[in-house]
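I have a structure I would like to understand better, so I am pasting it below and will then ask my questions one at a time.
Read from first to last, the chains carry the letters A, B, C, D and E; within each, the first residue is number 1.
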C-alpha cells in the first residue's frame, strides 16, 4: 500500500495535478469563508471563477482596454525590461563570480559589498542611477539587473568553489592555461549552480521589474498594479496581475530548467 | 455582528444629529482608528488632532479604502476627488456607500493645506523667464477650459493613457474643478493659479509645526523659511497680464505630475490636447506621469524634467534640504483632504 | 645499462610533512634521494600509505616538498610542468562528468592544441587500445570501475609526454587487459624513449615492467631499497615463469620492511 | 653575477610573500582586512567626492558620509527603534521561511517528482512581486489581532518568509540530492530508514548548500522587509523611514536609514559567516 | 562439500539491460543462473566491464533486474536488505567527507542502533585490524588511496551481516596488507558462517580464498564457468606454491573466453 502511494507520488503528472488541486481547494475554501464574512470579498480573496471571468470579460477597465488587454500590454513593457535586466544581471553575476574566482584578493574584497548593493533600497539607488544613465528606462533595466545579479553571483561562485582538487591537479599537470581551466573545468562544473542562481534570480527579476515600473508612472505592470490596488479600476485587474506574475515566474523557472537539461546531457539518465 | 451594529445605530439615530466633528475625532483617536497614508499627507490630520488636544497617532492606510470598509479604520483620510468617490460610488472599484457616509472637511476645520501647484528650479526660472510665463499661460488656459467642461476634460484624460475607469474619471474631474475654483473659505475664485497669501501662509505654518526633519541643519532652515523663499509671483503676474505672445527660450519642455495620469491633472492634458502649448510657442510639451519612487522635486532638481506638480510642504522641505526650487503657481486653491466616517460607528 | 646515461630526475633529501587534525606534523616522506635516468622505467613499490603517491606528486609539482628538492632535466618541477612534459595517471580516475569518454580522452590534446581531426583520431586509437572503442560516446557514470580507469589510462597515453607518472594504473583491471596494456605500455615506452615512474602494489608487475624497482618503507615513508631488474628486453610473458624472475620477485619482497602503515 | 643576486633576492621576497599568503592566520585575517581596505578606499572616494564625479551626481542625492553620520548620531533612538522593528521582521521571516523551504526540499527529496511540484509552487509565490503580496497579506491578516502593529508585523513577516523559502528550497534540494555516487546505495545496504538517511547523509551533505542559500536570503530578507514596510499598515521600520524622507526630499536622512539597512546587513552577514566557519569546519 | 547444504542465494535467468546515450539497449548481464550455498565463499572473476558489479548490485537490491529474479533465503533481495542482512564493500570507497575515519566506520553501527561505547570499541578494533588505528581521527581526504579502501573494509567488517558482498576490496592494497586481510577475512568468515560473494581480478586471490570460483564472460555478461576449489582448509599461505593450487589457477584462467570488453 505504502509502496503504491510512493509510486503514485513519483508520477510526474500526479505531482502537478496534486499541487494545483491542493492550491485550488485551499483557495476556494478560503474564498467561501471570505465571501461569507466580508462585505467586499473580492478585495480580499475572490473566487477563482470570478478571476477567470474577469480575464475573459471584454469590459473596458482602462482607456480602451479590457482587463486582460491592459495586463498584457503593461506586461509587455515590464517583462521586456525585466528580461533585459535579468539577462544583464545574469551576465554581470556570472562575470562577477568569475572575477572573484580569478582573483582571490578581489573576491575577498568585493564579496561583502556585492551583498550591500543588494541592500540599498531602490529608493536610494534610483535617483543615482537615473543621474548616471539620464534615461528612466535604462535606469529601470539597470536596477532590475542589480536586484537580480546577486543570487547568480553567489551561486556561481559556490559552483566554482565546489570543483574537486583532483580536477585541478589534472589540469595542473597539463600546464593548462588559466583560461583553459576556466573553459574546460570550472565553467562546466559551475553550470548547475549557475542555473540554481538563475532560478532564484528569475522571480527577483520579475519582482524588480514590477517595482521599477513605479519609478515613474508611465505604464507597466507596476503602475497598473498600484492603480488597480487603489481601486481606480476593477480590482480583478489586480488579481490578474498577481496570477500573471506568478505564472511568469513558474514559466521562467521551467524554461531555465529545460535549458539546463539541454546543456547538460550527462544528467539525462534514462 | 452585522445586526448588532444596526440596532445600536438605530438606537443612537436621534443622538447622531448632535454629534460634532470634535466628538467624532475624539472617539476615533481614543480607539486608535484614525487613518492616513503618511508620507507627507498627514500634517493636516496631525494639526486637527492637535487642535482638539488629542495624541497625534494615526494608522497607516494602504492604497485602498479596505481598512475603512472593514472598520479597522473608522476615521479615514480621503481625497475628495479620489478616495471619497470610491467610497461613495458604486461603479467598478467603488465601495458604494453612497450618502450613508459623512466626512470632516479640513477647510472647515481651519487646518487646510494647499496641494497641487506648479514649480521649477530657481535657475531654470531665471534663465527661461519667457518659457515659464508661457507655460503658465497655456496651462491656466487649459485649466480654465477643464473647469468649465469637466466632462470633456475627463474624456481627454481618459484618452491620454489614463488607467482610471471612465466613471471615476468623470467624478474626479468634477471634484478637481471644485478645488481649482473654490478657496479654503468656500468662495469662488476667478483667477486660476493664484498664490493666495493667507492660505499659503497657513500651509507653511502648519508644516513648520508638524514637519520634523531628522537632519538638524535642514530642520533649522525649514523653520526659518518664509513664503518668499519658496515662491515667485512674478511669472504668474506676467502670465495673467500677457496677450498670449511669448518668446520662449526652450521650445521643448516637460512637466512631471505628482501621481499617475488622471483628472487630477486635467488642465495640462487639456492644454496639450487643445494645442494651447503650441499656441504660445512650444514645439513639444511632455507630460511625465509621477506617483513613483523618483519624487517630483528630485526630478526637477536634477533637470530630468523642467516643471513639476507638487505640494507646498514637499517643496518647502526640499528647499530646506538644499534644493533650489520655487513655486510659480498654485492650482488647487483649497485642501482636497477630508476625513470620512460611517455615522453608525459613532 | 650504461652508467653514462643522463640523469632525468633527481630528488635530494626530499621530505613531505602533513598536518593532522590536531595540527601535529605527520611525516609522509623523509630523506628520499633518488636518481632516475632518462628513458628509464622505474617502479615504486611499498605498503599502502608509505608515500608513493606523495613522491609522485612532488615530482609532478602537485605537492611542495617540506624539505629537500627535485631537479628534472636541470630544471625545477614547475618549469618542467609548464613545458607540458608530464603525463599523470591518477590512482582514482579523474573523469569529467559532463564529457563523454572520448571527449575526456581528448581533453589534454585540446589543451596541447592538437587539431580537431587529429584529436578525434588519436582518441579513438587510444580507446581501441584500452578496449573502450564501443563506449566512446558514453558518459563516465555509465562505465564500470575498471572501464573508468581504462579511460583514465587512454587519456594519459593520448599525449606524448617526456615523463609519464603512473599511480597504480592497472590495479582495477583484469589479468588479460592488464597483460595487454603491459605490452602496449612497454611498446610505447620503447618507441618514444619516455621516462616512466610507475606505482604498483603488485611485485610481479613491477619486476616484469621495470629497469629498477624502488621499495619504500613506511613510518616515515623513505626509500629502503633499490633492486636492479637485469632481465633482457624484450620480455615475453613467459619470462614470469623463469627462475631469475622469481628470484628477483623474492628479492624485492624481502626488501620490504614490516607490513603496512 | 649581479643578476643572480637580484634573482635570489626576488626569490626570497617572493617566498616571503607566499609565506604570508599561505599562512592560515593571514588567510583568516584577510577575509576581514581586505574588505576593510576596500571599505576605506570607498569611504575616501565618497568623502572626496570622486564617486560623485564618477556617477555624475551631486552631494544632494548622494550626501557626504560625515553628514550621514551626524544625522545618525543625532537620531540614535529613532534609528534603533526602526532598526529593531525591521530586524524583527526580517529575522523571523528568514528563520521561518528557511525552515519551511528546507522542509519543502526534504519532501521533494523523498518524493522527487511530487515534491518538486511543491518547490515550484513556492517558487511561484516568490515570483509574485512584493508590491503585490504586501497589500494582500495586509488584508488577510486584518483579523489576526486588534493591534495594528502586531498584525502588520505578521503580514510583513509572511512576505519575507515566502521569499526566503523559495531560495532555501531550491538550494537545500540540491544539497539533499547531490550526493556522492553510491552514497545512497551504501545507506540502502544498511536498510537505513528515511529518517536515518536524512540525519546521517542528506542533512550533513546539505549544510554547505544551506549556507549558500543563506548568503542570498540574508540580504534578501532585509530587502524584502524594507519593501514590505512601504505598504504596511503600521508606520515603522527602516524602509518606511527611507520612503518618508525621500518624499520630503530629505536624502541625507534617507541615506542615514539606508546606511542603517546596510549595517544590519553587514551585522547579519558577519553572524552568518561566523556560523558558517563553525558549521563547515569539517567540510574539506 | 555436501550437496545437502542449504541454498542461500539463487538467481534465475538474471539479466540487466542499460540504455546508452542514444537510447540503445546494452546488455550488461544475461541469463545468469547461480546457486550459492549458505556459508559458502564464492568468487566472481571476469574481465572488466563484464557485469560483476551489476550482479552484486542485483543481489543486494541496488539494481532492479530487467529479466529473471533473485531469491535469497526464500525471500526477495529487498526483504533481505530490509532485514539488514547484507554487508557491501563498494569498489570505490564511499566515505563521508564530514566524518572522521572512525566515525565513518561507526556509521552502520549507528544505524543498527549499537550503543555508543560498543560502537567506539568495535570501530577501533576494526581499524586496528586494517592497520588504521593511528588514523582514526583523520578525515578521509587525509588518507592515501589504499587507506581509504581499508577504512571502507573496516566499515563493512564492523557489522556482522549474513551475506557479505565485496567488490574488489583488496585491489588497491599491497601484498602484505592483502595477505593479512585474507587471513582476517577467512577467520571471520569461518567463525560467523557468513556467505561471502567476492569480486576480484586476481585469479590467485580468488582461488586462494574461495570454495568456488565463478567466471563471467563479456558481450553480453554471462556466467561461463564455475570451478570448484577443492583445497582443504585451513589454507596456509604456502598452499599458493603447491601444484594443485597452480593447476586450479590455470584451470580458471583457461575458462576465460577472450579478453576484456
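Just a few scattered comments:
By definition in this document, contacts are C-beta pairs under 8 Å (C-beta built on N, C-alpha and C of every residue); 3 or more make two chains touch, one makes a residue touch a chain.
Chain identities (UniProt): A, D = NitT/TauT family transport system permease protein; C, E = NitT/TauT family transport system ATP-binding protein.
Nothing here was measured: the structure is a model prediction, and the numbers come from that model.
Steps from chain A to chain C, taking the shortest chain of touch contacts, total 1.
Shared contact partners of chain C and chain D, listed by label: A, E. For the pairs A-B and D-E, the count of C-beta pairs in contact is higher at A-B. Per-chain Cα centroids separate chain A from chain E by 50 Å. A straight line joining the Cα centres of chain A and chain D is 17 Å long. For the pair chain B and chain E, the distance between C-alpha centroids works out to 85 Å. Contacts with at least two other chains are made by residues 92, 139, 141 of chain C.
Shown for chain A are the residues in touch with two or more other chains, namely 43-44, 123, 127, 131, 214, 226, 229, 265. Shared interface positions of chain B, defined as residues touching 2 or more other chains, are 62-64, 66, 70, 293, 298, 302. The touching residues of chain B, counted against chain A in their complex, run 62-66, 69-70, 82, 86, 92-95, 158-159, 161-166, 168, 256-257, 259-262, 288-294, 298-299, 302, 304. Per the touch definition, chain D reaches chain A in the complex via residues 30-31, 34-35, 37-39, 42, 55-58, 61-62, 111-118, 120-121, 123-132, 135-136, 139-140, 166-167, 170-171, 174, 208, 212, 215-216, 218-220, 222-223, 226-227, 239, 242-243, 246, 251, 254-255, 258, 261-262, 264-266, 269.
In the complex of the two chains, the chain D residues touching chain E come out as 180-183, 185-192, 196, 200-201, 204-205, 207, 282-284.
Listing the residues of chain A that touch chain B in their complex gives 38-40, 43-44, 59-63, 70, 122-123, 126-127, 130-131, 134, 136, 214-219, 223-224, 226-235. Interface residues of chain B, counted against chain D in their complex, comprise 32, 38-40, 59-64, 66-67, 70, 72, 211, 213-216, 218, 293, 295, 297-298, 301-302, 313-314, 317-318, 321-323.
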